[in-house]
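Here come two complexes built around subunit A, the first alongside subunit B, the second alongside subunit C.
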Partner chain A sequence: MENKEYDVVIVGSGIAGSIVAKTLTQAGKQVLLLEAGLEAGMAFDSEGAYKNYQDYLRSYYMALAKVPNAPYPDIKDAESPNVLDMTQINGKPDTKGYFVQNGPLPFASDYARAAGGTTLHWLGTCLRMLPNDFKMRSKYGQAVDWPIDYEYLKPYYEMAEREIGVSSDVSEQIYPNMGNDFFGKDYVFPMYKIPQSYIDKSFIDGIKGLKVSLNGDVYTPECTSTPQGRNSTPNEKYRYAATVWNKTSQKLELKPFPKESDVYVPVGAIWDPYSGQRCEGNASCVPICPVQAKYNALKTLKSAKKEHLTLLSQAVATQIHIDTSNGNITGVSYKQYPHPDSKDYTTGTAKGKIYVLAANAIENAKILLASGACKTSDQVGRNLMDHTVLLTWGLMKDKVYPFRGPGSTTNIPTFRDGDFRKHHAAWISPIDNWGWGWPTGSPDTDLDHAVSTLNLYGKDLRTYIGDLLSRQLLLHFECEQLPEKTNRVTIDNKYLDNIGNYRPIINYNVADYSLKAFKASKTVSDQIFAGMGVQDYTNYPANEPDYTTYDGQGYVFRGAGHVVGTHCMGTTEKNSVVNRDQQAWDHKNLYLVGAGNMATLGTSNPTLTLAALSFAAAENILKALK
Partner chain B sequence: METNQLISGVRHRLIRSGEPTLTEFNKITTIEGLRSHLQVAIELEHSTIPPYLFALYSIRENTNDTSARAIKGVVMEEMLHMILACNILNAVGGTPAISHKEFIPEYPTYLPHSNKAFEVNLQKFSKPAIETFLKIEKPAGKDAPPQPDRYASIGQFYEAIVDGLKRLGAKGNIFTGKRSRQIRPEQFYGGGGGLIEVYDLATAEEAISEIVGQGEGIDGTIEDNNHQLFGEELEYAHYFRFNEIHEERYYKPTDTPKGGPTGDKFPVDWNQVHNIKENIKMKDFKKGTEEWDMMYRFNKCYCDMLRVIHQTVNGEREKLEQAVMMMYQLKYLAQGLMNVPMGNGLYAAPSFEYVV
Partner chain C sequence: MDKTTAGLDAFLAISVPLTGYSKIALVATGMAQSYLDAVHRVIGTEMTDEYLTLTARILQQTGGKEPALDREIRQQLLASLKYGPLTRNIIQMWYWGAWLPLPPAWMAKYGKGIKGNENHFVSPEAYQQGLIWNAMGSHPEGSKQPGFASWSIAPLS
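After this line comes the complex of A and B, so read on.
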């Protein structure tokens, strides 16, 4: 290992690292991939892969709190943040979990340090960003413009949609200001849409034609089916077999199927290609899809060219080494732990022509800060973003039968873009299929309340529960957060983990731009609930970790698990960490990939965009290696 | 790829000579003969599903993972073969019949139209059960020379179909079935291979290659032809997958059919099995009892599923979705039965009987 020089060394096996590894190895490059998570998670033989995943499932079934990281190993030597560790911050840093939370508000999202990364527990929503999301400065006078635009990303979005296996119907995808050619002519997704839930249908019927006013304008909220990275019925019109490197044109291209009769075959579980070929409605997508009908990055990594890929797990990248004469990176140091919780480790240095950090936005920032890399702009670690999620919930008039199907299958895109973005954040409103689970812990807490507080039993208990659970409605208002210099990740020798690596220190707050959107979206929610006769049960207790106030009103927001920013791309080495090629301004042979590159957040869940960006990065790396 | 080459290795399932319904089969000369030949193919493919499912259900949850997954994989491929045979029959203008009383064999049974060399029981997961499965899927060796004017193996059986397709096709178009009756790959999933829409000789031969290749392996190898046809991962043919369980040891890619598996050992715990009654029948219970009702509910679900599949392959292909829901239901109903004690340490089990 020490002696071999690879073409490319990649840190992290999540979706970004896996896409780069797959694309490069298939183009014939020698790749070493370092993964901090456990060796067992890297099993790709059907026996080992199945066993390991069954272990994840068992942990999930046993867990009292079914939080996103519940199924995955809690490793002291490569700790993951956990939403259960979040508490209100009162004056001094909260060091209870992996994060050191300086506040004033706790950063409310987590990620998974395991093979496959956070795609193990993502929901699977695959929305593209809107054209105006890339031009926030020139269009709305807010934040920054990206150095690339929607047109640039469009072909890579198509590659990402093939790689993830997105199920959706193009004709239903209508968003504000999307332009005439958002999807190319005749474009179709690999699979038809995931059927919308019964609750969706009831909601869509109820909201039809309803008018809501906001800042003096009148809107008619529309509903659309949500594109998802989970398997559905293949669309026979979809014609792409693979994404391949064309040496002559020096471009990545979608290669058509060789035969007319070929159809897209949904990618099943990594242990058995025939498992998980369709979503089975297990309704536990977050934290774990039991059949792997939902995409995870292990599917991509498994299809990398094995002869060209070396995997090194339980290897935590700690530092990159810089040749001070030319800024080039000369190696990545890592600590490899033999047992997940021991203080022992061995060290090594991986060497390649090009280095790729794909360890999640917060972990990438940590490694760069620990190495004194990318210092010119002073932007490393800054601009940490997430969707701040305001939830509203109530009881529908009729039974709508939640707790069935994937987490969300329909959304309201009406407020994803508009002139209001000059004043407050845009948002997307997914309609939730899992009742009040997120805000109140339904259904368990409802039963507990009925038995312990209301003293119900027998038929009365069944009637009460049957009526309450089957009418639960939950809406999300996922509000865009802008890049702020002060929302940042730092490191300090005072805060080290079990094997002496830095823990992320997080300073985090929510600016007025988002707070105004809480107020605005709550106004919209109130009008929807009133118009549809939904009995409102929303409440925002002042003792919740992310309780905040605006204009005299209290709000509780949640994290969306969208960890974005920290090494944003930009137009100059003064204002950003990477250029439009996702190459570090300060180090020519260093590429940063993942949601950390995103200059603004928009209202899309970031995974599809970061996957598209990763294909673009892989293309740039292949060009650079020529 | 030449079909004849593929069939040279051939799986067995001997066809009994003199079976009255098979008079046409020696040499298929009429379209009616071709169609009834294909109907038999459908019945043959189905006949193994109840015993395989019975053994699969009997394995206790979260035990014998490797064995359970191997059997499950084989069952799913048998389902695929059954639908492929339906597609071929539909392509030549036939009408598959899969929901009549005789469609489900009464266990114990000889395989339909076999030479009665062995009986197939509904048996829990056990060495004897696997030995029966091995007999079902055994490739015909050199010691079983084909007998003149008789179909000695399923391979020859399908070879005769190909022969008939070619002979009849030379006289005029036989692919007169409506394309809308074909089950297409986007409708069928999880079935251990690629579903092929059949509309001409080439696609019919492709479908037959898939069926025959998965059963016995091709060209004297232990692999099936999935990875050659579809670029899928290497998977061993049914016989060899069952033999791995029997020997409690994996094959290595370099192993030969004769040599047996020489790869890593894997544990088979023959005790982690529900002790369910062999060849159980509804009449083992008193009508009107809860236990009888449970037996009935399983069988009703199984037969309803066959009815829906019958509709699916007779012009209502969108109904396949409903059948999938029933397949999930079957498992839950079987698990319920396996908790019903019958005395002497035995438990109830699904009986796979025809009910209305």
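After this line comes the complex of A and C, so read on.
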């Protein structure tokens, strides 16, 4: 390996790295992929893949706190952040977990360092960004415009929707200011929508006709089914077989099925194509889908062309090397650990014509900073963003039976765009299907309360549980953050991990632009609850890690797992790290992929967009390799 | 691990009024022996026997009839400094599958030298067999999946 020069070296096997690896190998390129996670997670033979996944599932069953990283190995030599490590930051950095949290508020999201990356525990919501999300500066006088627009991304969104296998009905996808041609004529998703939940139906019925006031304007909140990366019934009108590289036109294209009678086949589990061909309603998508009906990036990686792909696991990329004469990258150093928690490792350097960092926004920034790369703009590590999630919860009048089905199947898109973005953040409101699990730890906290405090047992306990837990309603208000220079990832020799690699140091806060949206969205929630007769149980205790105040009111927000920014794309080498081709301004043979490239966040969960961008990046790399 | 089948009948008998589920439903979880083993493992043979003798006496004296049974369960078990925390643990184990730590005051008084009192799921199966899911009209998250689109209608039972 030391001596071989590959066409492309990729760091990271999450969705971004896997899409690039699949696209390049299928176009005949030789690819080496370095993955920090355990070898066992890379098994693609039926038995190995099944056994490894059953280990994940067992860890999930046994975990007391079923947080996103609960099923996945906690590796000292390639640590992952864990939301359980979050605490309030009082003056000095919190170093308890993997992150060094400088605050003033703790960054509230995690990711998974394992083969397949964070899609192992993502929810799978797959919304496209809105046209105005790319034009925040020119439209609303906020942040920046992207160097690309919605029209540019549209064909790549279609490729991403095929790759992930998105289930949705186009006719129901109506968003503010979406324009006339958002989906293109006759477009359909690979599969029909995932059926909306019983809660959704009650909610939609309850909210019918309700008008809410916000900033002097009146809105009618609409509910739409949410596009999701989980398997549903194939749409026979869907006509695309694969995304392929057209050498002649130098473009990626969606290739139609060869025969009229061909239909889309849902992609099942990596150990068995027939498992998981439909979502079976396990209701544990975060942190693990037992049958892999939910997309994860192992599915993409498995379909890369094996003959052209070399996988190296337990290999943590540490640094890229720069030829100072022309800025080109000459190699990636990595440390390979034989055992997950030992201090031993061997080192190596991988070489290729082109290098791709796909380790996710925070790890990409770390590698760049450790290498002194992309320095011209001084933007590496900056502009870290997430959706700050305000939750509100209460009891519905009737039983709605939560804790069933995928995490969320319906959302309120009404506040995703509008003139109010001149003053405060936009948000999307998913309706949650899993009761109060997120804010209060239901259902076991309710059980403990019933038994230990209410002194219930026997039939009374059973009735109480049956009534309380079947009426729980939870709404999210996922508010966009704007890119801020001071929300950033840095590194310091003082903070190293078990094998001497940097731990991410995070400075993080929430600006007024988002805080105002907390106030605004809480007003909307209050009106919805009152209008529907929901008993409001929302409370924001001052001792929660992400407790903050605005205009005399206290709020608690949560992280959405949407780790965005840190190597944003832009119009010049002075204002950004990558150009519109996702190529580093300072290093012509270096491409960065993932949500780190996103210049602003909008109100879409970022993965569909980063997947679309990864196809665009793969196309640019193929052009450059010609 | 100490394993014993002695006391299983007594354990099941008191578990019926404690959980509000029938004996057949409890047996069907397949967990009764594991839960009794868990009790045994943490509090030891002597106290387990003592507890089950007491619960058997309560059932016998009341003939399993309300309101006497409720009064005795409350007075002799739930209100007892010694047996209250244990009884609440047994109830929660049936509902959630996990052992909850007996409180520090209890440990100081009755639990000297006791091991294994930390919060833990009895086994992966215990999590999947928790009664709480049935009580709320659902199924354990991540297991016993009810099938495509099942979540879009009210539960059948």
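As a working rule, the second predicted complex is superposed on the first by the 626 of 626 C-alpha atoms of A that agree within 3 Å, B and C clash if a C-alpha of one lies under 4 Å from a C-alpha of the other, contacts with A are read in each partner's own complex, and residues count from 1 in each chain.
Following the convention adopted for this analysis, contacts are C-beta pairs under 8 Å (C-beta built on N, C-alpha and C of every residue); 3 or more make two chains touch, one makes a residue touch a chain.
None of these values were measured; they are calculated from a predicted model.
By the touch criterion defined above, A:Lys201 reaches subunit C but does not reach subunit B. Once chain A of one complex is fitted onto chain A of the other, the partner contacts of A:Ser470 are limited to subunit C, with no touch recorded for subunit B.
In the superposition on chain A, contact of A:Arg278 is made with both subunit B and subunit C.
Of the two partner chains placed around the shared chain by superposition, subunit C is the only one that A:Leu64 touches, whereas subunit B remains out of contact.
Touch criterion met: A:Glu236 reaches subunit B, while subunit C stays clear of it. Of the two partner chains placed by the overlay, only subunit C lies in contact with A:Lys459; subunit B stays clear of it.
Of the two partner chains, subunit B is the only one touched by A:Lys51; subunit C is not.
One of subunit B and subunit C touches more residues of subunit A, and that partner is C. Shared interface residues of subunit A (contacting subunit B in one complex, subunit C in the other): 278, 280.
Within the complex, the subunit C residues that touch subunit A are 17-21, 70, 73, 78, 87-88, 91-92, 95-96, 98, 100, 119-121, 123-124, 127-128, 131-133, 135-139, 141-143, 145-155. Within the complex formed with subunit B, the subunit A residues making contact are 46-47, 50-51, 54, 233-236, 261, 263, 265-266, 268, 271-275, 277-278, 280. Contact residues on subunit B toward subunit A in their complex (touch as defined above): 62, 65-66, 69, 73, 76, 184-187, 189-192, 194, 197, 203, 230, 232-233, 266, 324, 328.
Against subunit C, in their complex, subunit A makes its touches with residues 57-58, 60-62, 64, 66, 195-198, 200-201, 232, 278-284, 288, 290-291, 399, 401-406, 409, 433-434, 443-444, 447-448, 451-452, 455, 457-463, 465-466, 469-470.
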